[in-house]
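For clarity, chains are labelled A, B and C in written order, and residue numbers in each chain start from 1.
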């Protein structure tokens, strides 16, 4: 299986995890709703007998819809202030775009380097770069606690990447607005540098160091 | 096709249950003991198995010739007379079936009505013994024919509508004062409803002979009683115990207000401010001063047409809700005053 | 850069104006986010480029909201209050803009600030301004003096002047955010700074124009129902301004929308591939309802 196909599958799985699976109020026969307008032209006729779930409120057919961004907003969110969280996210994207556009505009004419301007792509790449491959799990053996390296689930990897990015932004100077700090972090992670990537690598090193405990994983 | 079949099955069902009901009715003539024993079948909604019911009757109770004859009669299963709805003539007078408001009676309504919750993916239950149909109000007594009859009966008690009052406008013109009262009929120990004493007197202010000052003063005096949108004055009186007294009071109040409005007190002329006025006018405030300053600078003494236009536009904007038209006319007036030209509209 | 129709209209009026008359007042009004402030900025830019003297209040409403502990008993007007910090801030930006004129213009009389300090007759106005910057206590009075001098000297026709105010309804508001010890809320009519600006707004000077906006979004503690000038200015404010030329700023027209999108695209500001298609444009159009500020907000992050 090629890596790209594997990646595709992972992405598909990751997106499908956004909708509720466990404790769903729908029986397994229900299918997901289709929101894209084009599907009415390409996928007709629909099987009318198949029951369909109600479309969630946040699902739209617009190009602004991105499950990963919605997830990130939910993790930024505190005390149910989703408006504030989405505002911060929008401002972060604006900051990223500002910086990249500035680079393009100030670059000397002629040799324009390849600069990614789309903030959404930068965001996706930054999250991908911040995801750890392995994690550590505490296991108690003979009265001692060992930190055992374990592979992580995709959702856990995604969560850790987002959490680290937000924590790294929060650890910076308090006078600077949050969205600027977060934009800094995302740009760093996009270039595979910065505090979050370092943290990821540190975790990997720790896992490597603790490989002797790996056999504790079969408990 | 489907409907027909359904209707047929319904009829069959109905006949079955009908026969059951008639049998159970007969059985009341049996001994008290037996009645008690089979009472439960009266409320059952399933179709009865009459034969088994009869066999359940104790042997000891079947004593005597008369008893046995009854048993024979029961076994014979005489066909029962069909229900009333089936016996109704097509050209019957419906107003006799439902002369007044009455609750739904299945045997009196020749319609296959169904109502209620459909159990087990079925259809709603039939009207027969259906309590749901008893709960809802019906209008079976209010057929057009019944209403016509009713009106014909009432006609003898009515007086003739006066000639020449064919439209509402004419009514308003000849009878500007409208008096609203209510009578209440209800079953309580007292016949007198406390709400019946309320009297409302309504009239349009434009119908009263008022000059500008009197109109303004009347509006100031009545306050909330005057509705600016409909130009209507509404006086309601309920302080006296009897309707007539309240009516007299309301009319007295109206005449007092009318006469009071025509009196001009000496302080009214001197101490009136802009807030007291009904509507803003050009003369009040400092607009004249502003305009004079501008005109002095322009070395222009006479009143130009632009100035008149400005005055009307100003009162329009200030006294009505602002619209794009009123603001536009104000703008045009000011532009004319300063001799500016509006740019041509976009093509 | 797109200069929209209302700005061009006012600039056109200014070109037509006979400057021998008293200053003509313009009131720019419109819905929230429809570009009133941008219109005002375009007009200011036009006048600045033409070498006018600019008297600009960035937000009149901000004067009765910001620096809410910044008030002292007035030096010259009994029972009123000065705003030293706001006044010095305003003087700084005024100096930055109009230093050239302030050096040329001379005072017409002697101004005594206190027992020891005074400004003699025939001194440049800059020295008056410097007095306000060095002695913040006198800053509000300095503004009054400067405006009075400008008003008087406008009749000499040495310079042209633009008086630009954003959210002019702030000058005619009732309440402020200033609360004295004991709970007394200082009303706008007791602030000397507002009084000076209001007096200057009467337009008793020539060789210039007065361009203002009314802003319902910024009006303090006022129910926000309408955006129309009479509703926002109130009876008092309307009479003070009357006669003025109301200029309506509408939402984008189809053509303006198209050119604005093209502007964004030329600046690499819309990055989403789908947003750059026709369907994406339609989506932006419907979602922003052609409102400039809404469109800017939408486009900012995609």
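By definition in this document, contacts are C-beta pairs under 8 Å (C-beta built on N, C-alpha and C of every residue); 3 or more make two chains touch, one makes a residue touch a chain.
Chains and their UniProt names: A = 28S ribosomal protein S7, mitochondrial; B = 28S ribosomal protein S35, mitochondrial; C = Small ribosomal subunit protein mS29.
The shown structure was predicted, so the numbers you read here are calculated from the model rather than taken from an experiment.
Among the inter-chain contacts, the highest number of C-beta pairs connects B-C.
Among the chains in view, C has its Cα centre nearest the centre of the complete protein Cα set.
Chain geometry summary: the mean Cα position of chain A and that of chain C are 46 Å apart.
Remark: chain B and chain C have CA centroids separated by 56 Å (rounded to whole angstrom). As a whole-number value, the distance joining the C-alpha centres of chain A and chain B reads 60 Å. Taken residue by residue, chain A touches two or more other chains at no position, since every residue touches fewer. On chain C, the positions that touch chain A within their shared complex are 267-269, 271-272, 274-275, 280, 283, 287, 297, 300-302. Within the complex, the chain C residues that touch chain B are 5, 8-9, 12-13, 16-18, 20-22, 24, 204, 206, 226, 228-231, 235, 238-239, 242-248, 253. The part of chain A that touches chain C in the complex is made up of residues 62-64, 89-91, 93-94, 97, 101, 104, 117-120. Listed in rising order, the residues of chain B touching chain C in the complex are 274, 280, 285-287, 290-291, 293-294, 297-298, 310, 314, 317-318, 322, 324, 327, 330-331, 333-335, 337-343, 346.
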